[in-house]
Amino acid sequence: MAQIAMAAGFILILVGFYGALTNRNILRMIVAFTVADTGVNIVMVAVGYMRGRTAPILDETVPVADALSRIIDPVPQALVLTAIVIGMGITALMLAFAYRFYEKKRTLDITKCTELKW
Amino acid sequence: MIRKFAAILLLAGIASIFMGLLFTYEPDAELNTTARYYAERTAADIGATNIVTAIVVTYRGLDTLGEVTVLFLTAAIVGLVLAHGRRRTSDKRRLAPVGELLATGSRFLAPLIILLGVYVFANGHLTPGGGFQGGAIIASGVLLILLADPCRCLSHRVIDTVESVSGLFYVGIAILGIVLAGGFLDSHLLPRGELGALFSAGAIPLIYALIGLKVGAEFSSILAHLSETEEL
Amino acid sequence: MSGLVLALTVLLAAAMIGAALVAVIGKSLPIAILSAGLVSLVASVLFLLLASPDVAMTEAAIGSGLTTFLFFFILGRMRGGEHD
Amino acid sequence: MVSAIVIIAAALAAEFLLGLFSERWRVAAYAVTLFALGFMTFIAAEWVWAFAVYAAQPVEIFTAGVQPPFAINLRMGLPEAALTLLINLTGLFSALYLKRAFLEKGRAAMAVLLVFVMAQNGIVLTRDIFNLFVFFELSVIATGGLMLLSDDERAVAAGFKYLIVSQVISAFLLIGIIFSYHATGVLNIDLMRPDHFAALQAGSIAFFLMFIAVVAELKPFPANGWALDIYESAHPAFAGLFSAASAAATLYAVAKLLVIGGPSWLPIATGIGVVTFIAANLLALPQRNDRRLLGYSSIAQIGLILAVIGQRDILGDSYLFVAGGLLAAHAAAKAGLYWLSGLIASRDIAGWSALRGHPVLIFAFISFVALLTGLPPFPGFYAKWELAVALAGNGRYLLLAAILIGALIEAGYLFRWFGYTIKRDKPVEEISCYPLAVTAIVAALAAGWIFAYLWGDLSGHGNILHAVPLLFALSFLLLDWLPAWVKNTIAIVGMVGYFILNYADYDPLRLIFAVIILIGGPLILLASYDAHGRRVGFYPSAMLMYAGLTQLIGATDFFSFFVAWELLTVGSYLLILRGKHSEPHALSYIIFSLGGAFLILTGFAIASSVSPLPMSDALKALTGETAGWVFLLLAIGFMTKTAAIGLHIWLPGAHAEAETDVSPMVSGILLKAGLYGLMVLMLAMGKQSLYGIELTHAMLYIGALSALLGNLMAIFEEDAKRLLAYSSIGQMGYALFGLALMNHLGWVMAFMFVINHYIYKSMLFLSAGGVAKRTGTRLMYKMGGLITLMPLSFIAVLIGIIAVSGVPPLSGFGGRWIFYNAILSAEHRLPMVITFFSGPIAFLYLFRLIHTVFLGQLKDENRRIKEAPFWIILPQMLYVGLLMAFAIVPGLALRRVDAYLGQFFPEGGLNWEGITITSQFGYWSPVSIMIIVCVIFGSLFAWLLFINRRAQKVKQFNIVFAAERPYRPETTHFAWNFFAPYRKALGFLVQPFVTRFWDTVADILHTAGDLGRRLYTGNPQTYALHFLAFVVIVYLFWTGG
């Protein structure tokens, strides 16, 4: 199951990159990047998954004493939480830059931002 | 066309790297060193039932501090980027007011949503959810207000103050950890309390609440900045 | 039970990839944005299956909720930009 | 001591505090920002102090009160302390510089800067890989934000490009981190071990992804287009910070990662680094935009440091010294240069000529260039030396060669830029001397010199800045406000004083050179009294050259010899650059010199890695093929300085275009440095052969060809000073030939040339310079008939050419006499014949100096000119006296040398009894020759006067108007193209093959750079594709290798 999720995550990353690298519209690029980000998150969570265990939350069903044998690895989840928020921050930032770009050029074509080169 | 071809070719190369990872991946049968420590010690040391929260707030608190800073930074930069083109308020086109129903509904709903957000981060150490999720929910409350009443100018002053004060308290608590407890961001400032109670797990609920407020304020700030842009 | 979960996982994965392809290749930008939101939403269900409720909540609230809103906010400001 | 984590906490607290300020309280917000940065700097400085002075132990900082790996921990050790100090200090000065922009943009911008600086600190301090990711993201976002501070509208797009590429990079980083965690069970860098990764294939791929993502932040070639756009368009204050601080932090992160990756990753790091170093330098060549050029140079430097980090296996503990030295130099120089660029309105590198008239800024500029090119006394020099020795000692010659080639290209464009600054037309727009900006620049300058001192103290070779001659030269920087004549007096007194104090320490061989440098130098400096005003920049440069020369002959080990070599090179370059039209010539001089210096460095590095003995003993101790290679490298290196044929193209321009009193210095004195090097080399190593070719034999041919072709080129020259310059090539050829004979007389002859060449070339250059000063031209056909107007100059030239051409009675003849004796005892006939024939050719061009300049018809426009100025004539007259003395008693100087050479070449010495000198083939009595010649000349002259006593003086008239006015009037002049018939016969020999060859090399490099940089299309998607290509290529190398 983890492998399936992981494979799906990798595919999302590749699909996202493909979209981000071939679409000329900036908004579409950003959309594609969010897809890739989701893929990364899925891969990360899948790495921490362990078959037949439950979420790392101690309650009546998972008493403290059993935690060692009942819960999955909590670390990747903690990391993904951070990664999601950072990803959202960068997306917001890119959107703001896109707005500024459109404001100046009245286009969202990424190939039009090549004044700086060589 | 060449670009597409190159992209496909290179991504095929990347895919083969990923396949190397995927096909040699073997799930752990037992928790590894780090996870084992958390599973065994969190309840006793930190007193939080949600181990992820304990990790996020305490063990890897520096990451979270950084993460909060990412949002802070993003909000600040979005403000800077958009401040450039923003015209004075007087130039703003007056949009037609939205319907009475929507306005009233949102006035009624928004506080509830915000309350829900508070609930989510207040219980972060016990149940799934926490400062970030709670913050996002608060922000969606703010979003609702913005959508319902586009002419309303959200007070940046209030948002910034909430954000700054909660941020300062966060850093303050972190530094207090050095002085009073075992180190930066140590949550043993406050008593551990009873496992599973609302007021338990040391400073975690306090920190997560501050994070919730801060994140909520930051998201709101981003949204408010965006909502003040001109239609192009 | 396990077989059901497995089947569900495969289904979710397929749905995600499908939505992702729409998001990346599809013609209309609003639909692409919605599809990307859908990818996140399906991913959050997948996170639940992977025993990660915290991540699932975050992904749903931030990944599929706020981010999608942000896109539409910006898109609304740039009429005509979507056709470039 | 304040805990290091307070650095991060302070930044965070300050930025959150800024949120409470109203937008109206910008000044207060700015004060908070500065205070926070100052506090962060203070903490870092405190730690540096603790580690450096009290040798404190590194401190681990635990967060959350839990041991790693269960919580994030930081570490503060000496490297961390030094790096955070560097970062925070740069941040502080950038903030000062940015005051205007900050007050305009408000507190949000200040908060972004604080986050940026904090993130760099975090990258350095953290020991947790995911935490590293968080700080990297902060750094990326803050970079995007700080791009908004620029006035350049394109900056926003550049920031956006970075965000796009970093999205791809961070995906790889995250996947790498999570799989590394899976493989090792920890996120802590210190607890991850190479065997964790080696066990599992997934683990090693995970490490690969992590590594490649962090390396991508170092802007490796070709995945660096975004960085160039950032460098080009960012606010200069931020570009400096970005180049200095973020490079420092990221390099340290890579160093941390490489520890866990294990030694198998080191070659990959080196490979990426070296490719980046060479490629970025090559692509920089055709660049005209100053900030983009600096961007290329930044990328190159970082690549070099990455390569050094990859050589950790052989550098051992000294890798911190080497990499740190390069990094310190890079940081100070790049920050300083970017900050300088903020003062200048034009974005073209030629626009930097606006700096002229601001000596402090010019000094800062050349210091920064020297920092970057690794010249002494800066840390990059020590680093270069250590690196070369380590690489040569471990047989990594290819890598060493690659690094040196890259460094040479970099020196090429940096010195070209400096040349533009000094020589190009000043733009209308003045620089804006914004006080805070100037403060930051001066701080960078001070940092560069402090680093120089520190690295000198840390190196095992002694501090370059403790050498008296160098300090004497540098003190002229502080005295530059004095009038020229005061400085001239100080210089003369200093040099003569140094000689008097030290002359007893020199052996006869060195004594000859010491006299030429320390007594001959002041003699030429007499001519410098002619200059008026303050002559800013002349004395530091000249004294730097003399300091280098003085230290050269005092050097006994490889290191100090090489230091001196580089010092004299830089000093003479600056001196030559002062000439009116000398810009391209000075450039080709410095490039050839540095190229030669790199060969010498390689030779020294090989030799000193074999044997730790002092220089001559170590050279002696070499055996086998190594000895041959070392000899070859060093010989070519030294022959670059003597302008042997093939390596000579820099000389004519450099010597001819220099100022009147500089030409004799660089010709009469500086050329001897190469001969001195050759002498030291050949005395120590004797005859060496490589692949069956005897190297001294090859040198015989080179010497002979230099003599022949140098003289041939001189005869077709119209420009008096160029003629003299070409003649120097020939003269050095003779000396080289003499040395290469490897017998007693050959060496005596070479010494004879050392002395003679100094005297007559100095004298002739002064005369030619004096004449050129009066007539306003150096073209000989525009002169004529000056004998009556400038009689003293005439006498000097007459005596000079008699001496040069080797006819009796002057010392030149002595040289010839010894030469003929020497070749009679040598076995190689062909080079001997060639050398023999170049003698009469010398007479052809020397004859023109008298005939065309002083005899013949006086030009109308020259009727009113006067004799050359007193101070230019005075040394010439002294030289005339010297030549006479040397002609009569050559034994004065040569006797002791002859005896000294007896140690090395016991056979074939001369017998110096009485006033005659006897060899195995005959004898030479200078005094009787003098008497005979004087009698013959005197009687002939008297007879001529007698038969011409009734000669009538005829007024001459201008023939030009007799018919149509010619298109090029000079073609009708009899002295123009005087040796046209010879050109028909021998012209093929003087075709500029060599010049064309080197031009082609330069063209190929330029074209390659120009084509290569088209890779950077400006499209962020292309940049992202470059990154993917980079990943795939490195992956293929890694799996394939």
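Here the chain labels run A, B, C and D in written order, and each chain numbers its own residues starting at 1.
FYI, contacts are C-beta pairs under 8 Å (C-beta built on N, C-alpha and C of every residue); 3 or more make two chains touch, one makes a residue touch a chain.
Quantities reported herein were computed from a predicted structural model and do not represent experimental measurements.
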item: Of A-C and A-D, pair with higher C-beta contact tally; value: A-C
item: Centroid spacing, where centroids are CA-atom means, of subunit A and subunit D in whole angstrom; value: 50
item: Whole-Å separation of chain centres (CA-atom averages), subunit A against subunit C; value: 11
item: Mean-CA-position distance for subunit B and subunit A (Å); value: 15
item: Intercentroid distance (Cα basis), subunit C paired with subunit B, Å; value: 19
item: Multi-partner residues of subunit A (at least 2 other chains); value: 2, 7, 13, 17-18, 21-22, 37, 39, 47-49, 55, 57, 75, 77, 79, 81-82, 84-86, 88-90, 92-93, 95, 97-100, 102
item: For subunit B, residues that touch 2 or more chains besides their own; value: 3, 7, 11, 14, 18, 21, 25, 28, 32, 34-35, 38, 50, 52, 59-60, 63, 66-67, 70, 73-74, 77, 81, 84, 128, 132, 222, 226, 229, 232
item: Residues of subunit C whose C-beta touches two or more other chains; value: 53-54, 58, 62, 66, 70, 74, 77-78, 81
item: Every chain pair meeting the contact rule; value: A-B, A-C, A-D, B-C, B-D
item: Residues of subunit B that touch subunit A when the two form their complex; value: 3-4, 7-8, 11, 14-15, 18, 21-22, 25, 27-29, 31-32, 34-36, 38-40, 42-44, 49-52, 55-56, 59-60, 63-64, 66-67, 70-71, 73-74, 77-78, 81-82, 84-85, 127-128, 132, 195-196, 215, 222, 225-226, 229, 232
item: Subunit C-touching residues of subunit A, taken from the complex the two chains share; value: 1-2, 4-5, 7-8, 11-12, 15-16, 18-19, 23-25, 27-28, 30-32, 34-35, 37-39, 41-42, 45-46, 48-49, 53-55, 57, 72, 77, 80-81, 84-85, 87-88, 91-92, 95, 98-99, 102, 107-109
item: In the complex with subunit D, residue positions of subunit B that touch it; value: 3, 6-7, 10-11, 13-14, 17-18, 20-21, 24-25, 28, 32-35, 37-38, 41, 45, 58-63, 65-67, 69-70, 72-74, 76-77, 79-81, 83-84, 157, 160-161, 163-165, 167-168, 170-172, 174-175, 177-178, 181-188
item: Residue ranges of subunit C in contact with subunit A within the complex; value: 5-6, 9-10, 12-13, 16-17, 20-21, 23-25, 29, 32-33, 36, 39-40, 43, 46-47, 49-55, 58-59, 62-63, 66-67, 70-71, 74-75, 77-78, 81-82, 84
item: Subunit B to subunit C touching residues, read off their complex; value: 50, 52-53, 120, 128-130, 132-133, 136-137, 139-140, 143, 219, 222-223, 226-227, 229-232
